[in-house]
């Protein structure tokens, strides 16, 4: 065993011992998020942007819009394209190169929540039916990885969308730039299982100690609009309902916090 | 030498000894194919399909059709695109990834026979001259590799074409779906040289023992419409005419067998 | 240290000692180029071509022209695309594969000189304003690498352009093929620093011994139209003006030589 | 070769469930016909062919075998590689060969669904490679793939604590149904693939697309449990009959 | 997803300098506002965030660390890897993620600009990895990136002989100016990024695009020297304040 | 950069052979002018430049040399790598640089055409790399490439049992002819490249495109034998004159 393996095993044991005593490595409660910081509009060149920090996890989301062709089966709707880059700046384990399975899964979960909740009013993004619609690129740039990238990325994406304006003038459309029309504000919450306890917002050390995580995305009405189990562990089926309940509650709190920031910004 | 190398050398010696005695490892005559099984239309989603087993070598061919642009030098003709995937499911030596030189050579030999024999009536595949023609994708999915992929793939491709219907209705063309018009039924036969004897339809152990193979494609009229020498060996020029003769004969037999299956299926 | 490293160190020391005595490994003066050989039009299939040898460094440039779309911000101008291939035939250190950073830098320096000097009259390359313009592909094929690829490639590119004819007839444009209209003949000169001396046209051994090179591109009027420092060394800022002066002079000489060859060829 | 003219779009049927009966005649908790066979391939160490509705899928297993390149090896356990792939002709519109984002995600979650039952410590420094080839797709391919992969792993003699069984549930016309087919998947409201270790009641795959209320989710989860049990019995049956066949040969 | 309709082209302003004053109000030798902070990232060994005009750039350093694959190792020294990358949303028209020819060239010349000050012999067989991420671009990104990378390397404690400072000079409306912004870069006549070791007066990066007479070049070089000196003072200030902060914590 | 307007299509001439004479004036069994020179490149260990009709091709050989990555090494013999490549400007319509399916197949069959004459056991664990660059293409490039590669291998001093000589035969206007040029290749009925070891009468490359009757094939094979003999004499001549030149230098 390398000294690194031994160290990580010691850290893992320590986290398990703490959890058994109802404690976490950074003193949080099991259902407590780290401090969340949301900066709206840091990238003026983008149609919308947001930088979200959850503890030291740091994600920048940019929304760009272009005019392109609709999909043949939805000729009157805009198109969403979500992409995540796990750039090597953010973690010693990220490699340069095209998105790997982790980056792809991350982007697809974020996309799933936005699509499932029908968050963006795609019907309003038609310019010329069957011919020209708005393409919305949501690009996630992970800057610092200290665990729970999914929640930070989802929050950054939805904040960037709430921050976005449709660039009509830039594309010669005879209308003022207007706020992107939204139907919903989906919120993503992730909990990790350690020693049969579920802790929300795992930091990196906790993620490394846990075998399995469950991501639950909820709508403003408290419905589920996306889920993903990640990791090689298993979840006793009887525990799932409890996690769902907690996730719905947690989603409500995070949404309120986000909307407060957005309103504050719009005043 | 690794134990694997020693084993393969022993097997090679054994095959050579057998051949010298006029025998083959599975008891076949030199010009005898393994049992051939042709299933027509296993993939209903495809315009045409066929699964061909030669012994335990197993190839699935699918034909899909789309409407696209013609090549500028043949504005009134359909387009053929042939592709082969040596998926890692089929053999421990196949790697995931884009087609390597073996997959490319395989696809190009299959393509050569179809093109050389003018098997598909490309003039009938024009929808709007100079503008819209049918694109025929012939996709070969190798499922189990026990030697002689070329003959199995070619047979599967031509069987799938004989099974194919032009999907006029699916593309809003005001015509019933109709059988793909064919001019010819080219047949590919491959023989391998072992100790100066040429054996048809080499199984994998025989291919590994042989240095060189010659693939000969013949038309219904008994003309040659494609050839390929493969492998690092050499062929005495004086032996070529005999191989050609045998290949023409063998092609005739295989064609009869194929057409019987096709007719049986059409009734 | 490997024997190869030792050898290269010995060679390096030898070159340094020579330079300190005002000498070079092949007997040249510090501001002397190796013998330059320019062959115009070796590739008849190309619209223009030139093969340039500087000593045994050997570069073939081909110019091809096609009709395509203009860039949106220059709707009435032709488009230049420059590409360099460091094919493994040219050096034991070149690997097959897509252009690496060295090939990309090389192509971009050549491109910079042509663009900066406005060498090609891009306004004359408009076929149908906003819709159809000529695309000029300048492809550099490095055949033998014995140092100073930048100067050889730039010279080959500009010679190939001077050799080029616009293929109007081949594309059905109702005009005779005509010489490509040029505004200028930029010349690229490169010097390498060894022991604080700057030597022009370094051969490969000299390049390996030097830490830094400065490429200076000049117009017919003696203006600068492109520069690039390459290598991990540094250049004392006070020495820069001298290098610039020498480069302008050297550029003048090389341009005269090139134009003489071109005129000789046109007669 | 760019497509010039698009295929006609399939229109959404007015109703997908009429009087509690689905378009293909099934009840809401009814599973499509399944045919499954182990040991169908010659070269692979283990394999399984499954037909599930119009899905036609082969799973094959190679391993434990040496890992290349070596830096992928793990010192104390085998690694699993799982490659879900779709043939170009498996779907209505020909797809470009090779992995896309969807298949890369499916490969990851499927690997994580299978890994909990494998005793990987027994084969340090080696790999177990699972290849799932979708020859024809008809919705629910990842669940069918995991189901087949599980059988193929057993067929290959890889030490397993148990089988993994998988099925998809979803919401169609506002009702929770089991085992969506292609039309229901295209025009439905939610899709939720689930994989379970039936004996222990552990979930090893859980994804959800679309919208479900909490109550609908609870109903769906119950249906998925029943579905997985049904699938598990088919898997066992298949392995027993393979075992019998081998022993009687 | 192909673009159907292009963005409107920005038109060239009639004048970029009016009565010696640039469009954004600066004088010809005036530098845009700069904000710079070291140690901003958590995972990296060293880092620096810089805002320079509307440029927003993060540089981070990892290392010295082990090199993979091993054949890239050098026996007697560390290797440097430098990756200049632009976020998709950093420019007006969304760019495809990943390296393009421009960013590959910039990465190379930036690495060569930084390498002269690093004492690489101290870390044989290892690598020092510099990552520069342009979050928003406003001309002069390579100079800003090198400036930030230099600070990040110091922040990481990599042994350096000195700092490298960089800035761009150019010609606009026929006049030589310092620190071009985006509009000046788009519609100007020449752009010349320069990196220097200010103490020794050594140039470590020198590129030029466009046209300059010899005299203009001399004027530009003088401006660049002054500019680099100014940048150097900001870099030192930043590191001192970081050092003070760490010590007072 | 997508092409907007296609090049005009070359039209098929009414006849390609008139009174037994081909469009370029050759008889049916006549070979185009060939110019061939060994040792033309400086860096390569062996090389050959060939002009054959309007074909202009360089072949170069490096090796025996160490193989990277090491897992490609073979314990008891050298491996050969053969890369047939076409310059972007070698054909009428500019081709994208890099290997396409055609050049990958040609590289494979050319390697297999050359390998029989090489004594690879003498260089275990090493590689012999053959690079063939088509600078201008005029039909028959693979045969010309093999011919040149064979000379370049001899020039590099690689131990060979013999030379390999190659040429293309085919059918044009219903007649069997030797050494098709570009027009004949484009508008002909069949093309059959052949490589042989002339001394032993062994075929090392044999491909055929198009349609030939058995009798036509026999006629073509005879022509190919004659053609290879002719090429072989040119190859020998070239190597002898190279040898003389070296010895007289």
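General remarks:
Going in written order, the chains are labelled A, B, C, D, E and F, and every chain counts its residues from 1.
Heads up, the rule we're going with is that a contact is a pair of C-beta atoms (placed from the backbone, for glycine too) under 8 Å apart; a residue touches a chain by one contact, two chains touch by 3 or more.
Keep in mind it's a predicted model, so treat the numbers as computed, not measured.
Path length between chain A and chain C in the touching-chain graph (shortest route): 2.
When the contact pairs of B-D are set against those of A-E, B-F or A-D, over half line up by residue number only for A-E.
Averaging Cα coordinates per chain places chain B and chain E 57 Å apart. One inter-chain figure worth recording: chain D and chain E are separated by 50 Å, centre to centre, where each centre is the mean of the chain's CA atoms. If you average the Cα atoms of chain C and of chain F, the two centres end up 31 Å apart. Multi-chain contact residues of chain F (touching two or more other chains) are listed as 7.
Listed for chain C are residues 99, each touching two or more other chains.
Those residues of chain D that touch chain A in the shared complex are 6-7, 9, 75, 101-102, 104-105, 107-109, 111-112, 115-116, 190, 192, 196-197, 200-214, 217-218, 221, 225. Residues of chain D touching chain B in their complex: 1-5, 7-8, 41-44, 54, 56, 58, 60, 62, 65, 83, 85, 87-94, 97-98, 129, 131, 133, 135-137.
Only residues 1, 72-73, 99, 101-102, 104-105, 107-108, 112, 115-117, 214, 219, 222-238, 240-241, 244-245, 248 of chain B touch chain F when the two sit together in their complex.
Those residues of chain A lying in contact with chain E across their complex are 42-46, 49, 56, 58, 60, 62-64, 66-69, 79, 81, 83, 85, 87-92, 96, 98-99, 131-132, 135, 137, 139, 141, 143-146, 169-172.
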